[in-house]
Every structure is written in structure tokens, then in C-alpha cells.
Amino acid sequence: MTNQEALTDYVLRLGDSALILGQRLCEWCGRAPAVEEEMALMNVGLDLIGQARNWMEYAVELQGQGQDADQLAFTRDAHQYRNLLLVEQPNGNYADTCARQYFYDAWHYFTLKALCDSSDARVAEIAAKGLKEVTYHLRRSSEWIKRLGDGTEQSHAKMQAAIDEIWTYTGEAFIADAVDEQMQAAGIGVDLALIHEQWRAHVEATLQEATLTCPDMQAYMQQGSKQGIHTERLGFILAEMQFLQRAYPHSTW
Amino acid sequence: MSAEERAFQEKIDAEIKIEAKNWMPEAYRRTLIRQISQHAHSEIVGMLPEGNWVTRAPTFKRKLQLMAKIQDEAGHGLYLYSAMETLGADRDDEIERLHRGEVKYSSIFNYPTLNWADMGTIGWLVDGAAIVNQVALQRTSYGPYSRAMIRICKEESFHQRQGYEILLTMMREGTDEQKAMVQDSINRFWWPSLMMFGPHDSDSPHTGQSMAWKIKRHTNDELRQRFIDQTIPQLEFLGCTVPDPDLKWNEARGHYDFGEIQWEEFYQVLKGNGPCNRERLRTRKNALDEGAWVREAAMVYAKKQQQKQQQNAA
Amino acid sequence: MTNQEALTDYVLRLGDSALILGQRLCEWCGRAPAVEEEMALMNVGLDLIGQARNWMEYAVELQGQGQDADQLAFTRDAHQYRNLLLVEQPNGNYADTCARQYFYDAWHYFTLKALCDSSDARVAEIAAKGLKEVTYHLRRSSEWIKRLGDGTEQSHAKMQAAIDEIWTYTGEAFIADAVDEQMQAAGIGVDLALIHEQWRAHVEATLQEATLTCPDMQAYMQQGSKQGIHTERLGFILAEMQFLQRAYPHSTW
Amino acid sequence: MSAEERAFQEKIDAEIKIEAKNWMPEAYRRTLIRQISQHAHSEIVGMLPEGNWVTRAPTFKRKLQLMAKIQDEAGHGLYLYSAMETLGADRDDEIERLHRGEVKYSSIFNYPTLNWADMGTIGWLVDGAAIVNQVALQRTSYGPYSRAMIRICKEESFHQRQGYEILLTMMREGTDEQKAMVQDSINRFWWPSLMMFGPHDSDSPHTGQSMAWKIKRHTNDELRQRFIDQTIPQLEFLGCTVPDPDLKWNEARGHYDFGEIQWEEFYQVLKGNGPCNRERLRTRKNALDEGAWVREAAMVYAKKQQQKQQQNAA
């Protein structure tokens, strides 16, 4: 695998996760628990999809096959997607959405922070642009973990259940494969072990403050997304997200 | 007329804004609460027809635009609820009343969004019609409402241009199928957009008092005519038509003539028989009901935090 | 409009309604209230989709544009669909599904029965083939209306709510447009006024036996499907149903 | 050994079927209940990975085939639950036990179906592996189970041929993308299919007793080898490969050699850590929970009808 090939995959992973989580947030439109949350969810989603676009624009340049970012985002099938299994999990109730968001944000924040020092100037630039937004995302979702964890008895139970439920999807991000190793060696990508440590510390502190029990860090973790093996959810997300691009191919909108 | 009432009306006549702490007639307050809450609800319910396509937007650019627009609408809702609360009304109460069917939101949102061009049409025609109303309301007599309108109008104009640009792109660079979508969308939204200005002046009993109080500054029919006059040239530039065989320029009047609105449909939708009335209201009601435990938890948490701070301070 | 054009539309309406309702029944797979109902729902769905195929095969012959039934079913967009609004309504709970099914079955049964005498031999043949199946469908769904209506207090309330909820979509089938009139005049189509009478009698009798209140027959009825104006539901149904055909066009499966 | 036990074992040895009303050792009964209920649950849970694609089948033909197959599986489930109930077990109790995680279903259904080719692969490989098991079980010593197997095998063979035909069509008439789907699907399902035969004989403690009772007629490893031997020629005819570098024909043994199965994965899935364990079980549990009021209503209604008939008869 050339560095360029590995980098393309690496960039795609970052972009796909942001895109799919942004898409999940879009599904909340008009259904959030308060108007303020309508705004916040749409705002976070907007940031993520904007970041996805930045990554994909870089990915198509690296691929050099004349595709544009839209084609890359909206005409691949599930096995070609590289998003984390975490972000394709369903919205569930608000605790489920907050848990998913928080675990992602914590990974995202430390990842982008580290990527600001990437030896690849473009990666560093995109990461730096996103970091400001993601700093807010993480603050916001940490707050919600605490609010729901240390709110009422009911919200505590729901928050704990949401965390336990999604936990099995939180480990995948930190399991390095050949691409991760190659990118780290090239000084382009992050040190996953380090990110994992930072993530773990943040999660443990947040959950403790939220009076929640942190699940077993050694628990069995689902994986597959780095090889394009997803959960059954992704196919349905794509069917909806890509309908227009599929039904009216090669159209200008 | 009491002295207070006279002073109030004189202020109005002198184009001095009424502010929250000023005396005002109870009917003026009630009319404003009704109108502003209706407007705020419309912003929130108005997110739904767009939310219907936000997961299916065709490009990054369009998806981001639509999300930003929806976010703005939530913001407008919040801003308007605040203006309403300066009149002593309570946001939660008013939302309850909406869900009980006692307050309305703009009937236009009871029509379904059936193709992507509807995202353009809603921006161009629906927001366009709203802006005609709102531009007039920038000069409304109640200060907080007037200021909300000034701010909202700016963003709405931006949305309207974006909506038009969606349609223009489809008409200029699109396939035949895309052009057909645009025309189909205009066909479905044209009459409902005209209905947004409300019944004929002759059937609008409250117009007189609202005009006297300068809550309203123009009649329904005046605004409707203004909207048509400014919209038809844009329509022609698009290369589209409206489903009204009677529409034509009247040189003598200096306005477009147009056909009679199907008021039967207007009143049916108002009565709850529009294609989406039940669904829109249910979606909002479910959102509120299912979010109750979240809002409660946030309140309890805030109280706990406050107590901790007080303890730390002590 | 030539008779052939009107007939194509007429046939498409019959086929699209069967297809979309069959699709809705597929969504129940693995989620039905009992294994026996898993079987029954899949069985009814199978019948309906089989009938849809028969209608579509005829429709493409009438169109004479070299399409096959699969292309007709799986590559049109929502505005080209002619199914009743009734059948695209969501599954909801089992009472909702039963109400939707019953109102459709009653219309379907009397329609196919009348179409057995169509002057168009092919229409008569397809109708006759379907009638046996639909006779069973109607018996089954009538039974469920009664079971839930005259079952427990809870099931009665749910059944009544389901009927009241879907009622506004039950009138459209009986509102004749130009196509209906032309087809009736040609002796090909049915007399909608007559079907409506039969439907009404069946519904009133069934609901009465089920101890349910029949909603107002004069209530406002939603319409639009005959002109291709649907509810917002259909687009999502199609996005899922047509994903493969859109993502991999012109493929043999 | 008691006289009853001896008579029972003599019958078994003489290949006379045991019937529901015959005496049988309690352990025999329990083993059978466990095995048949597990088999019945597998038919029902096995509908889910297919249900995942039934709304997205690519043609009328494939959709109808898949729906018919799912319907058959529900039928098999019912048929097997009946066979199980002849042993004094209760269907509802056994389903409760499934939902509490006390009984298993075939682990293969804990893998996701990720592309359309999986509908072919499940028919060909998964049903194929099941049939190898079930053909052997046609001669099982318990009469009702044996008869259920004979009936089920017939339909399963039909499903297997259909599954193979799906793959063959994609490989012969499909695009490169479709061919890649087939290979990807086989890559994902190959090892899990081999695991369907259970652990190595040496790690399968119950095999000895089950063989003596002729509930089982062949060991896990025997059946696994049989499956591989019959499947590889079909695989080659497809023009596909399996993800096993050690697979090759062994002339001396007259069998295919194959690589070592990842038993760690097998036991993880068994423990509940497969990709879909939680989801499959939850879907079934939700179906049952949400359907409780429906089943209750049906029972109450049936009772009412019975009472009416008795009143009319009186």
C-alpha cells in the first residue's frame, strides 16, 4: 500500500464518520426535546457535514480519478464506507443520541487535536479548522452526559442504559490496522494508543462526575468498519441519503 | 375612551413604539400574543416540511444550506417566543395551546413536500410570501415584535434568494425531469402561497382594529397583490408558469390580475383537513411528550448545580 | 386520452396499490405479534406482490416501450406512482395494520369481483386469478377487526383509534376521475358508485359486529394519488424498495 | 438399568421410532426438547437476516421467492414447536427461555446480512449446512421429530437450490460489482457456516449419549466434512473461492482438507458477542411484548364466541 493509498483511506474514514453522524442528527429535525436542542443538533450536524465535505474534497484529490466530493459521498455502497460502526447506530431516545455523540466527540476531539500536528499539511489544516467546532461539540455532549446522568432517577437510568448499550461500538476506533500504523509511522496519522488513553481518561472523569458507572474497558468490542463490514443499519441510511443521486444520476442541483 | 387608552392611541398615531412595560389595552396585548405565538409556532412547525428532505439533500452544498436554514428557523422561533413573553405570555402554555388545536400555525406547512424542488419553492414562494408580510411588520407598533421582524427579515431574504437559486439551477442546468419537478412544485405551492395572506379584506373581521393599532400596516389583499406583482417577473425569469389561466398584467391597474382563490380549500385546511395537519401536530406533540424527561432532568441538574455552588460559596 | 392510455393508468393503479401494500407487509417480517401472523402477513404480501407483477406485466405491454415489469415497479419516482394513499400509510401497531388492510381488502375484493366481468379479457383474467386470494384476505382482515374490536377493552380502544385515524384515506378509491369514467364507459372498469355501496355495507356490518363505531361516511377525505400526489411517506418507501435497482442499474439479478 | 430403560434402548437399537406416548428417559426427553426448541427458534430468528433484505429485493421474482422462503420458515417454526410440544414442553415457556438467554438458536443468524448476495449465500451455504444436519436427523429416533425433519428437508432443499441460483445468476450474468458481492458474501459466511456443525467431536461432550440414543446419527466433524466435500465443487462451478488457504483435495483421504476454525470467534458469538446477538433477540422480544395485547384480545374474543355458540346451542 502506498502512502497515498493509505492516506486516502485514512481521510475517508474521518470524512465518512462525520457524514454519517451528521446524517443521523438530521433525522432529529423537528423531533428534539426542546427548540434549543433543535438548534444545537442541527448546528453540530452542520459542522460535521461541513467537515465531511472538507475531508472528501481532499480524498478525491488524492484519488485523482476526476470524481467530486459529492460523488464520493453519495454514490458509494455500504461496503465502501469507512465510518465507525458507532455513528451508524440508531438515534434511539435522547440519552442514546447523547451517549453516541459523547463517545464520538471525545474520540474526535483528541484525534483532531493530534492531527493538527500532522506532517501532511492539508490534514493538519482540515483538522485545525474542525477542532474549534469539535471543542464545542465535546463540551456540549459532556454536559448532557452529566445533565442526564445526574438529573432525575429516570434520566440516570436511561443514560446508564444508553452507555451500556452503545459501549460495544466504542472500541473499534482505537484498534489500529495497517492503514493506521502506516499513517502513524509516516507522521501523518495519530498514535491510537495515546488517543485511547486520553479518551479513556475523559470518559472516566465525565461518567464519574455524571454519577454513572463506566462499563468494562476490557469488554468485547465490535469492529469491522475499517474493512467496510458494517452493521445492518448503514444500508438503510444510505438508501435514504442517496435516493436523489441514485434516481437522477449525473444531475446538477 | 379612558385617558390611558387615549395616550396609547396617540403614541401609536405618532409612530412611537409600544414597549413591554407600557400600558396597553388588553385586546391589543391579546391580539399581539396570538399573532406572535402563531408566528413562532410557524417557524417551528415549518421545520418539518424541510426536515422531510434534509436527510435526502442531493449535494453537500444543498444539505448544508438546508441545515443552516432549519437552524435559523429554530432560532427565529426562540426569538419570537421571547418577544411574546415580554407580553406576559408563557412559551410552554402557548405550545400546549398549539397542541390542543387552540392556536394555529401557518397553514402552508400542512402541505407535503414531495420533491426536492419543494425546498426551492418553499424558500422562494413561501418565505417570499412571509417576507412581504414581515417587511410590513417591521413597522408594527409593538417594539419587541418590530425588532424581531427586522432581524428575521434579513435572514429570510437570504433564504428566499437561496430557494430561488435552487430552482434556477434546476431550470438552467437540470435535466427535463428536474425541470418538471420545479414546475410540479410551483403548481402545488402557488395557490397555497397566495392563501398565506389570509382571507379577502371583506372576510377579515379583525383587520380594521389591527390597522388602527398599527399591528397590521396593510390589508391582506394589498399584501397579496404586492407579492404577486413582485413574484411573476421572477417566475418568468425561471421559465415557469403558475396554474392560473386568469393571471395577466393589467396595464390600467398597474398590477397583475389573477383568478379567484379556492377558499373552500383554505377553510378545509384551516379546519384541520389539510394533507398534513394531523401529522405535523402529532410530530410536534410527540417531540414535546417524549422530551419531557429530558427537560425535567436538565432542570433538576441545574438546580443541583446551583445548590452546590451556593454550598461552595457558603 | 385514448382508451389504451386510460387503461394503462387504470392497470397501474391496481398494480401500484398491491405493490406498496405488499411492501408495507414485508416491513412486518420478524416483528408480528405471533408466528402464525408472521406467516399470514407474508402470505398476504406474497399474494399482493404477485398480483402487482401480473398488473405490471400487462401495463408494460400496453405501454409498448420495451420496459419490463421490474423496471416499471422499481424505477419510477413517487409522482409516477398511482397507489392509493391508504396503502402507503405506516404500519403503526397491529390495529393500524389491520384497519388499513381491512379497508383495502374490502375495496379490493369488490373491485376484483366486478373486474371479472371486464370487457378487457386480460383485466378479467388477472382479476379472476386474484379474486380467490383476496377473498381469503378479506375474510382474514374482517376477522381481525372483530377480534380486536370485540376482544379486550384495550384492543377495542386501539382498533377504534386505528379506524378513526386511517378513515380519511378510505374515500379516495371511490372518487372517480376521467380515467375511471372512461374505463367504466368502455365496460373495462368498474362502477365506483356501486363498489362504494358494497364497501360501505361490508364496513358497516363488520364494524357493527366488532362493536366498533363507524366513522362519518361524509367526513373529509384526502385524495391525490390518481394524479400522483402522495403523502410524504411514499418517497421513503421507494428509497428503500428501489435501492438496489438504482445503485446497480441495468443489472440482472 | 431398569426394565423400562432396557426396553427403550432395545427399541432404539432396533430402529423403532419412539413416539410421544412411549416411556422415555427424562434425559432423552430433555435433550430432545432442547434440540427441537433450539431448532424451532432458529427458524424464527432466521427470518430476521432475510427480513433485512425483503424490502429491498431487486426484482419481482426475487422478492416473491424470498417472501415465500420466509413464510416457509415461519411454517417450519410452527411445525417444530408442535413436535416439541408432544414432549410436554410449552411453546410460550420455551420462547420465554429464549428471550432470557437460557436457550440458544443457531449462531449463524448473529451475523449481519450486508448485501443482496447474502440472500443467495444463506440459501446455499447456511441452509446447505442445515440440510446436512437435517438429512441425518430424518432418521433420528424420536418419531415426531423425524417426521418434521423429512418434511422440512424437502422445502429446505428447494431453498438451497434457489439460493445457489441467485449466486449463479449474479456470477454468470452480473456485473463486476455483483460478482464482487458474491465473493464478499462467501468470504463472510464461509467460516460461520462451518461453525454451524458445532465444536470438534473432542470438545462436544454430549455427542456420545446422543449417538447412543440415536438422536444424533453422525458426529459434528463427520457432518462438517460431508458439507465441505459436497460444497466445494459447487463453489468451483460458481467460479468463487473460500477464504481458506489450507483448503485442498486430499486424494488419500478422499476428502477436502481445510484450515483450523477460529474457535475463539465461535465461543464469542455463543457468549452473545456476535455482531447481531443483541439485536436479533431484542427484535424477537419486542415483537412478542408488543404483540401481547393482540394475542390476549384474540383469546378473549375466541372465548366470547364460544360462549355465544353455547348459548345458541342451549
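Order of writing sets the labels: A, B, C and D. Residues in every chain begin at 1.
One rule holds for everything that comes next: a residue touches a chain if its C-beta (ideal position, glycine included) is under 8 Å from a C-beta of that chain, and two chains touch if they have at least 3 such contacts.
All values reported here derive from a predicted model rather than from experimental measurement.
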| item | value |
| --- | --- |
| If a chain touches chain A and chain B alike, it appears here | C |
| Most distant chain from chain A by Cα centroid | C |
| Averaged-CA centre spacing for the pair chain C and chain B, given as whole angstrom | 37 |
| Distance from chain C to chain A - Cα centre to Cα centre, in angstrom | 42 |
| Junction residues of chain B, two or more chains touched | 56 |
| Shared-contact residues (touching 2 or more other chains) in chain A | 77, 235, 239-240, 243 |
| Contact set on chain C toward chain B in their complex | 77-79, 168, 220, 222, 224, 229-232, 235, 239 |
| Touching residues on chain C, where the partner in the complex is chain D | 23, 26-27, 29-39, 42-43, 45-46, 49-50, 52-53, 56, 69-70, 73-74, 93-94, 146-148, 150-152, 154-155, 158, 240-241, 243-245, 248, 251-253 |
| Of chain A, residues touching chain C in the complex | 77, 235-236, 238-240, 242-243, 246-247, 249 |
| Complex interface listing, chain B residues touching chain A | 44, 47-48, 50-51, 54-60, 62-64, 67-68, 70-71, 74-75, 77-78, 81, 116, 166, 169-170, 173-175, 177-178, 283-284, 286-288, 290-298, 300-302, 304 |
| Chain B to chain C touching residues, read off their complex | 52, 56, 112-115, 184, 188, 268, 271, 273, 275-276, 279 |
